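Common to both upcoming complexes is chain A, partnered first by chain B, then by chain C.
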Partner chain A sequence: MRNVAVIFGGRSAEHDVSIITAHIPVIETLLAGRKYDVVPIYISRAGVWYSDSAMNNLEYFKEDFEPKLRRLKPLQLSFEKGLEIIEPGIFGKKKKIDIVFPTMHGTYGEDGSLPGLLRMANVPFVGCDLSASAVAMDKAFTKQILSAEGILVVPFVWFTKSEWEADNKRILEQIARLKSPRFVKPVHLGSSIAITKVKSEAELVNAIEVALHYDDKALVEESVEDLIEVTLPIIGNNEPRAAEVEHALNKTEVFDFNEKYLSGGKKSVGGVNRAYSEIPANIGEEVTSKVKEMGKQVYRILGCTGIARVDFLIDGKTKKIFVNEVNTLPGSLYHHNWRKAGVSNMELIEELIRLAEERFASQKNTTFTFKSDILKKVGGPKIGA
Partner chain B sequence: MRIIINGLATEYLDEGRGKTLLLLHGWQDNLHTFDKLAAKLAEKYRVVRLDLPGFGETETPRRAWNLEDYAEFISAFCRKLGIQVFCIIGHSLGGRISIKSLSGSILNTEKLVLIASAGVAKRNPVRSGALLALARIGNAAFSIPPLRNLKGSVRRSFYKAIGSDYEAAGKLRGTFQNIIREDLSDAAKKIAAPTLLIWGHLDRETPLFDGQRLSNLIRGSRIEIVEGAGHFVHRERTGRVADLILHFL
Partner chain C sequence: MSIQSFLSLYRPRYIRSLIYMLQTSEYDVGDFTAWYLRTRDFSSVERRRKIAWTPKATLFAVALWALVGIVAYILLTFLFLGGAFLVLLAPILLLLPFVLAVALAGFAILFAGVQSIVEQFYMRRAALRLSRMKAFKIAIAGSFGKTTMREILKAVLAESKRVAAPPHSYNTPLSISRFVGSLKGDEEVLIFELGEYYPGDVRKLCEMIKPDLGIVTGVNEAHLEKFGDLEETAETIFELADYLNDKPLYVNGESEMAWKHAPEHAIIYSCAGSGDWKAAHTKTDLSGLSFSFQREGEDIAVRSKLLGVHNVGPLSAAIHVAKRLGLPNTAIEAGLSKTKAFEHRMQARAEGGIVIIDDSYNGNPDGARAAITFLAGLSAKRRFYITPGFVEMGARSEVVHRELGRELALSGIEHIVLIQNSVTGHIESGLAGANYHGKILHFPDMPQALSALKHVTTPGDVVLIQNDWPDQYA
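Then we have the complex of A and B:
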């Protein structure tokens, strides 16, 4: 059997959510399929890598698992022949990993760091590649790129922490040109962490300080009132396929972290909780069709592969559709939505593995190196002269 | 809601309208300890409460803090929110911080309410000294093999037996030591604001004796004893405590 490594946890605020995504649906589906040997790889909050077959069971992580980790030796990796893990012990038995299924949300995972490492290791992996992941992780980059391609996004202002510290007056003047109320967001964090809706200038400065406490870059954007918030999961490489348009019904002014992941108290139903979603969204055929078309366009523009989710803000009055952000690792892969779209967990996981292998094979056909005599010229006549 | 105070992400709630009441919770507690009380007070006042650094959802300071650090933090919090506090209401550790804040020039409020407040030596100095000496001897003795293996469990039993929060303090142990080391008897004498003390008759953490002593130290203060209630009197007898506070204000 081929070895599939599922990597989860990580140095991220979404560490715990990652453990859920890894198990529901990925590991439990892979184990049920009996086609692969599943190698769970857990990265601790401190960034230490571990592997133990007991980690294939979500129960391992439900209680305090630190004492169990202390009894394990950290995992070693080798990139000599693709990706190999070296099992702790005197003989250090190597196990070749045939394919990786990354399920790490947020920093050091979904932000492109892990895809970058896996590219270097020359191993096929599920989900978006480095560049799409890195761009989608930055809400400002995403908006800038989409806007340049003619996709509608809400007006926004972005700035770095050092710019804010050096000249907040200039930034506040720029923000003043945006309509109120506004949202303040750290650009790199997921799960609504440190996002604030502000209605006054006093609230604005405090909210910016909070956003810049968690990130080195922030954005302020106009709020869409009469909001219908919908999301669209998509899979594919060159031919994206959309699931159903989903309408989140948790209508608080803004979801905070707990509400987004734990609302309704149904902790593990479908992994990341979606108890209050309407699938498909009751927004009419025309808007649904537009959302699906825009979603696929966004997927292509950002160069997404494998899987992603595009979030939209619809103005209920004008029916204008804005793209809000793109998530390259939807929580629990949004498998609840795929099921409604007629795709079972098994079909979803197998398709994602197939897409990973397809991209890997395609990259093999790309020439990345070429011979040159540039080194011979060093110290000789000026290059390019 | 969240705000950055002196570099720490701080969770707070701001409810109601009117003169501002600031509620400070106790050790290993959080702002939600006042959920029921705040709901009653917010009918007539603006009620602001926060998770103190190290507790609830507020970040933990990188070094061990003392009471003055907490008092300065509260002052910075009020300045940033632009609030003039009419009355500060402190429970247990929150009471200590309130006494510290009002005894100097760190914070000025018109009134003070102390609920089961800590801050005056709850046991006699001879006993505290003896316990400290015992802890030091034990620490040295249980550093020698083979007793070293028993150190953890003996230590836990010791602190449990003397009723200390030290073991449970975790990362805040240094802060805990700094706080309990400071006796606020002299500070209490300097408080000029009219003060109401509310005590549960059955309080074991800060016994009624401490409350009566504190009441004697604070000029013109009045103590109200709630029968049948313990240390968390504001949660156990919310209606009664709210009535006492509203009447006092």
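Then we have the complex of A and C:
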């Protein structure tokens, strides 16, 4: 049997969410399918890599697992022949990983760091590649690229922490040109962490301070009133395929972390998904098909592969559709939505693995190197003279 | 033998496992021995069920522990032998697990001997009691469908008669005798299932019950391993016809082996009707079954919550019997509307948008055919059929399982889930032979298949679970 390594945890605010996504549905489904040997790889909050077959069970992480980790030796990696993990011990048995299923949200995972590492290791991996991940991780980059391609986004202003500290007056002037109420967001964080809706100038400065406490770059954008917030999971490489348009039925002004992931005291039977949503969203056939079309366009523009989720803001009055952000690793892969769309967990996971292998094969056919005689010329009459 | 399986012989649970195996083999020493010889690891034999601590099982457990106690006592008394004792200890300890197994088999044989004497006594007492009662006695025999027939009759006749029938699947002399002892005496109709395990069984039960009417629900390969061939099964089941002589007998016309053996005066019932009654306008889906039951100038509207066209025959037979006993049509219709699925027999339930049809007590080819026909007739998003195959098919196993595969292939059911065992290959070759285009999934056992189910289904799917092998066949 081939080995699939599921990598989760990580140095991220979404460490715990990642553990859930890894198990529900990925590891559970892979184990049920019995086609692969599942190698769970857990990266601690401190960035240490561990692997133990007991980690295939979510129960392992439900209680305090630090003592269990202390008994384990950290994992070593080798890139000699693709990706190999070296089991700790005197004999250091090597295990070749045939395919990687990254399920690390946020920093060091979804932001492109892990895809970058896996590219270096020359191993096929599920989900978006480095560049799409890195762009989508920055809400400002995403908006800039999309609006350059003619996709509607909400007017916004972005700035770095050092710019804010140096000259916040200029930035506040720019922000003043945006219609109120506004949203303040750290650009890199997911799961609605440190996002604030502000209605007055007094709230604004405070919200920016909060956002910059978590991130070194922030953005302020106009809020959409009569808001219908919908999201669309998409899979595919060259031919993206959309699931159902999903409408989050939460009445509060914005999701905060607790609502999104620890919602309403409801035990998350379906992984890390919102407890209350309407699938498919009741927004009419015309808007639905527009959303799906835009979603696939966004997917192509950012160069997404494998899976991603595009979030939209719809103005209930004007029916204008804005793209809000792109998430390259939807929590629990949004498998609850895919199931509604007629794609079972097994089909979803198998398709994602197939897509990973397809992309890997096509990259193999791309030439990345060429021979040159540039080195010989170093020290010659022209170069380096 | 691995260390783990060797150690399993010395765990306290070993004794419990032995008794569980004997109990699950229905105290058949032959079955028990075969299972024992096949087993390597005794710590995990209880997978599907748990041991039921009946007085009988408890008695055996006490006996075995007593034996262990005696051995321990003898060993302790020899402790003073010192070195020589150690020489003695090793072979005794090595042999002990096997001695326990042999002793248990011995107890079982002894118990069976005593039981048969006790049985004779109880049977005679039950026969005497029954002969003094005025109740109309109905006997049901057949390889399959007895419980369904019994439940349908009970529901229909109970509308205007006092009806009693043994609970569960009580169909052995002893359990029927116990049931007879529990009767009040004022019952108007008694319904009995006659178990057929060995030739002569049905005759023996007939002599005790003295039925006034008989129903043969069908003959097929169920229990074939014990009978050897189908002809012998048929003869045993038709001991009921022999006993009834010219009293009314109903025979299922959809079972070829049954109607071939039916005497001339027998009333044949099927999905087309029974006797001079005809079934028409038959409709079935997940909500149940409906048809009109007609004869010159009479029309009974049948509405049942039972699933599948294969229930038309038994329902028809029950209506015919009810008419014979003088029930008015309105009472019959009311009774029919109360018929519904029984535990683990074509019992539908919804789970998170997925319909699961639990037919896990259906372990025979005719029942499977009916289940496949029903599932194939449903309009669902996708349909799943889970089966391990059938047990006790004897020499017919390969033919029967190839046929199952062929029928599944022709049904158009999208997903087949096979629980792996000795017959899986035959089902697969049947599927391949008929060019099955759907998806085949494999699981080592039913619990794993069921827990994987939520990962392979989506809302709108229908899953039918046909048969669950008891542990001794796994």
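Of note:
Just so it is clear, the second predicted complex is superposed on the first by the 381 of 385 C-alpha atoms of A that agree within 3 Å, B and C clash if a C-alpha of one lies under 4 Å from a C-alpha of the other, contacts with A are read in each partner's own complex, and residues count from 1 in each chain.
Criterion: a contact is a pair of C-beta atoms (placed from the backbone, for glycine too) under 8 Å apart; a residue touches a chain by one contact, two chains touch by 3 or more.
None of the values given here were measured: they were computed from a predicted structure.
In this overlay on chain A, chain B fits alongside chain C without clashing. Looking at the superposed arrangement, the partner reaching more residues of chain A, out of chain B and chain C, is C. Look at A:32: by the touch rule set out above, it reaches chain C but stays clear of chain B. In the superposition on chain A, A:221 makes contact with neither chain B nor chain C. In the superposed model, A:194 makes contact with chain B only, not with chain C. In the superposed pair of complexes, A:206 makes contact with chain B only, with no contact to chain C.
Within the superposed three-chain model, A:343 lies in touch with chain C and out of touch with chain B [touch as defined at top].
Closest approach of chain B to chain C, taken over C-alpha atoms in the A-based superposition, is 35 Å. Judged by the document's definition of touching, no chain A residue lies at the interface with chain B and also at the interface with chain C. Chain C meets chain A in the complex at residues 381, 442-443, 448, 451-452, 454-460. Residue ranges on chain B touching chain A, taken from their complex, read 2-4, 9, 80, 82. By the touch rule above, chain A contacts chain C in their complex via residues 25, 28-29, 32-34, 339-347. Taken together, the chain A residues at the contact with chain B in this complex read 194, 196, 202, 206, 209-210, 213-214.
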